[in-house]
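First, the structure itself, so that you have it in front of you.
By letter and in written order, the chains are A, B, C and D; residue numbering begins at 1 in each of them.
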């Protein structure tokens, strides 16, 4: 058996005796007999680090790692600069607790303050929280922020990732709020339906859209904003942070709340997590925002310092009256995102976004030439949908070549994605495979 | 750098999936796949290239005395043309290798050893010739090819291409001046699959011709060329120990269940004292039948009542029995046929039970 | 110390991305007017910036971290090594099931072990943190009553000693929170419990040992009463480290549970996340579990699933760490965790209680609570002051002002991975501070003196929040 | 600070000023003292209906939140917006920093005079 307990059995016994216990049974004797577990736990006994390393590495080896990935749909294969993990894995960051003790947590607090600032810059919002669990849960909390006595119905576009919609639904099942899905036409939100639905419902709290949407399309957010605000509801935009390197910002568009999946900012794929929930809003929502916030202040000698602030919103003070039960963030993921953004800088972020969208457009052209029809003739960022006679056959053929093709959708369509890591050669290979198969 | 057997090109031609094994490059399977190959041997016939096996010639006036000293089995009563299986032990009773001894005539023995061990065995045998023992040892491996024709249809297939006098009647006998087609061969009624069958030795250059001839003859019976994969699942099913897995320098042949080939009553042989000391056996081999989910491989801890009682030495999915099985070496006191055990498969406890070996026994 | 934006110089930066090997094509939609003001900084400068920040952060590796109810145990290096294997980090969550066998095996193996430890039958790993797991567990309870048409159950009972997340989670799940009193032993007041149980009771949320570090000896009776009233019992796993391997929540009447892999199972807290809050349950609730998992090579979701609480399968790489930890400790090592966690806590309690009165003078579990009420009254030195004074001894302060039922509370949880010398040093520090309290209380109130920054103005921060860097201060280039 | 004689007080430490038929509500000096530095107030909206004995809003200090219990039932006509931006006004001059003005007052809990309230506070502290 392996252990991280430093005290030897002898030392343990000595300590027990010093404080007046015969042995461990004596120490635990106040636990009622019928509550005690008496059997032996039915899983393997402890092993050496060598053996454990071999076992877990063996599991990792049993996964197929694709080096050419054309699948996104919520998790994107971007380059992770070497700085990100090298810095974020410093043990002072890694092994620290939530920074309640400001005096000895300035490093963590300042890094979060810097993160909040970068997210505000990216989104054009006034305020960002310290981050949430992931993009989907951030969307659910964003919707919750818009509830009040008069506004309780959540409207959500069908073009929002169904995974995000499902989490919003689940949270609403808890909070007993109503969720209404706004239909999609031709890959985009049905604006006519949106207008009618919102204007017909004074209880409409918000409309959640995705930017770019699940089909990769960049919808007309300006028009959506005017419809939503016209109806007295708030606009929530679920964004891809890389896309914001070039796209008009939610701030410029007039969104009230921004949420999003921060995974593209240097977090890697990691089979779905840990990722990063982005949540930001305008000043008027400051006291409604959910999750941790770090604020700037001064210490007793006038030095600049940082603290967790506006804590009275939170569960440990408001308990059942709190707007949410969130009591942590994904601090280390937020740190990675900050390091990523600091590493690439404004030029690098624009470059990454430009590479993604340019390559996606090249891939789309090649696939069309190879005979796959684009399902929608719309402006897209780095994802797009094609029809496909037999997606299973094509994807299997690609897998043979070590390529992870696009995500199969219903009725044979495929959602493709290109990032800066896709080379021209790779994309030509995909197109060639399409020709071979059909 | 791995050696190629004389049949390398042939395997590639037949679509063999080539992998390194025991210092050679051999097919692990052909296009048909391990399962079909395995079933072919159980129901019809299969052809294996086992040219990687080593051949060592033992001659000289003291040959018999020498073999009885260096090996655990007793060769005194051996007739000409007989084959006899035997482990070879070190002083501690551990197993150096297991091998087959053919008697070609007085003071003329032909010893077949495991591929990976040929060098090791030859050196061991040379360095353990007792004082004043007049015996000559020659490592003749490179001059031989060896094909294994295995399965219930093997006799019929061989009968098509070989005269009756070239086909040994009795199991574990061989014919030395045999002919298959017009090729000179040693034809031995032995195998490593638990089925009836033949192992055919010939000069290396004859290998491709022999191979083609046998496959052609076997075509109507549904013969398949078979790779190492099927060879392993077949020998597992028949509970034939694999050197390196089920026994090694630290495991005695008795522990590995090879007591039948260890003749304790003959006078001194290497390892005898240690084997005597290990009575009754502290550890013994047992079969493991997986009753839960998952496939058990080698080197997994075996638990009984929450305590580790031993570890698996071989394990896989057995096509003919259609289940996951393993062989394990466990404390004799905890060895109880029918008793439930659990196997630690990478942190997961898989339910299993102790069963008799072999898992599969051909109906005679 | 400078903010990274103050280190930024226009035109500087790092070269990460390649030239574009295809024609540049941007979507023909409105684009952003100006680039985000992200740092423009060389790798060297940036590295030093974060090294500086790291020096002003404090982790378990920096020293004793007896933060009550947070279980700040050692974070093994092998966990990190395993969690950074490319075979895990480079796997896309939407790959075909047959290409992620290793991930699914890791998840299933971890589920088996954790179910065995907790006495539960099934478990979801979707929740990303403890509070998230609580919310999930309460939704299971909600779905259960709903499925039986038993909609009248609108109340969740929570002891007044509970973590704030309990009532908050219950409220998020749409429940009315009913708070019940603790008796003078710090455990549940049975009469108050009975008084509040009824046909309106959906369930009870309980942490056992509770937040004052005491094991509720009426536990079997408590869960029986709740079940008799038709409610379900929820186990908050925050304090599982105290009883792991010794008591299984599933054996003492709990139906739902959440764990904190970042507490009990040694995954790093990362300065506030990512954690992982798997939610386990008994068979009869399994059909409501959220999220998808691979069963017989197919991604499947429970038949009456409540849906999803995160986008994919939870914080997978955190799960890999916990699995590594459990394979290392094994079934024989796990009970040792509880034994030594409890031993270390009692050792400190016993050696301090003559100076610092403990809230409940009895055998504690993995943590204990001191009450500085009298010290505060007599010397006007608060729990906060003592906590801050510990900083000057290089010790991370215990949890302050929690649980709420104890005045001037300091809650100490040493964990099992601290050696006897570390405990002895901490005990010495506490005693030295007590001496100062007697001799010069005001000097204690003035601490810390050795930290890079002194006490911060939290009032100002909250009254007039500054939540991001103000670039307007910079002169235009 | 002595509590103004012209005001009435509730046992939950709110003060009430009668202004014709309308009433103005705030919190007492003792209340702000024991709450410490206030950082935010949540106020009802104009036209909200208040019920006696129920919370009309709350005040936040850095580490605590306390409800403000309405001593009357009635309709909110005006709220003190200034408090939203500078809650410190409450700490500085609690009797000037009013929270809400209420009209058509239905019922009122029995309130204490300044002297009675001072007595009550003394008892509470003891």
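Keep this in mind: a contact is a pair of C-beta atoms (placed from the backbone, for glycine too) under 8 Å apart; a residue touches a chain by one contact, two chains touch by 3 or more.
Quick caveat: nothing in here was measured; it's all calculated off a predicted structure.
Q: Chains touching subunit C and subunit D alike, please list them.
A: A
Q: What's the fewest number of moves from subunit B to subunit D, given that each move must go to a chain touching the current one?
A: Shortest path length, in steps: 2.
Q: Quick one: report the Å distance separating subunit B from subunit C, using the average Cα coordinate of each chain.
A: One centre to the other, that is 57 Å.
Q: Using mean CA coordinates as chain centres, what's the gap between subunit A and subunit D in Å?
A: Here subunit A and subunit D have centroids separated by 44 Å.
Q: Using mean CA coordinates as chain centres, what's the subunit A-subunit C distance in Å?
A: 20
Q: What are the residue numbers in subunit B that touch two or more other chains?
A: Within subunit B, the residues that touch at least two other chains are 306, 346-349.
Q: Can you list every residue of subunit D that touches 2 or more other chains, as numbers and ranges?
A: Subunit D, residues with two or more chain partners: 39-40, 60-63.
Q: At which residue positions does subunit C touch at least two other chains?
A: Residues 105, 112-113, 323, 326-327, 331, 458, 462 of subunit C each touch two or more of the other chains.
Q: Chains as vertices, touching pairs as edges: which of line, ring, star, complete or other describes this one?
A: Graph shape here is other: it fits none of the named patterns.
Q: So which chains actually touch one another? I want all the pairs, not just one.
A: All chain pairs meeting the touch criterion are A-B, A-C, A-D, B-C, C-D.
Q: Touching subunit C in the complex: which residues of subunit B?
A: Contacts found on subunit B: 306, 346-349.
Q: What part of subunit A is in contact with subunit D in the complex they form?
A: Counting only subunit A, the residues touching subunit D are 287, 310-312, 317-318, 321.
Q: Considering the complex alone, what residue numbers of subunit C touch subunit B?
A: For this pair, the touching residues of subunit C are 105, 108-109, 112-113, 323, 326-327, 331.
Q: Contact residues on subunit D for subunit C in the complex?
A: 37, 39-40, 60-63, 86-88
Q: Hey, which residues of subunit C end up touching subunit D in the complex?
A: Residues 401, 458-459, 462-463 of subunit C touch subunit D in their complex.
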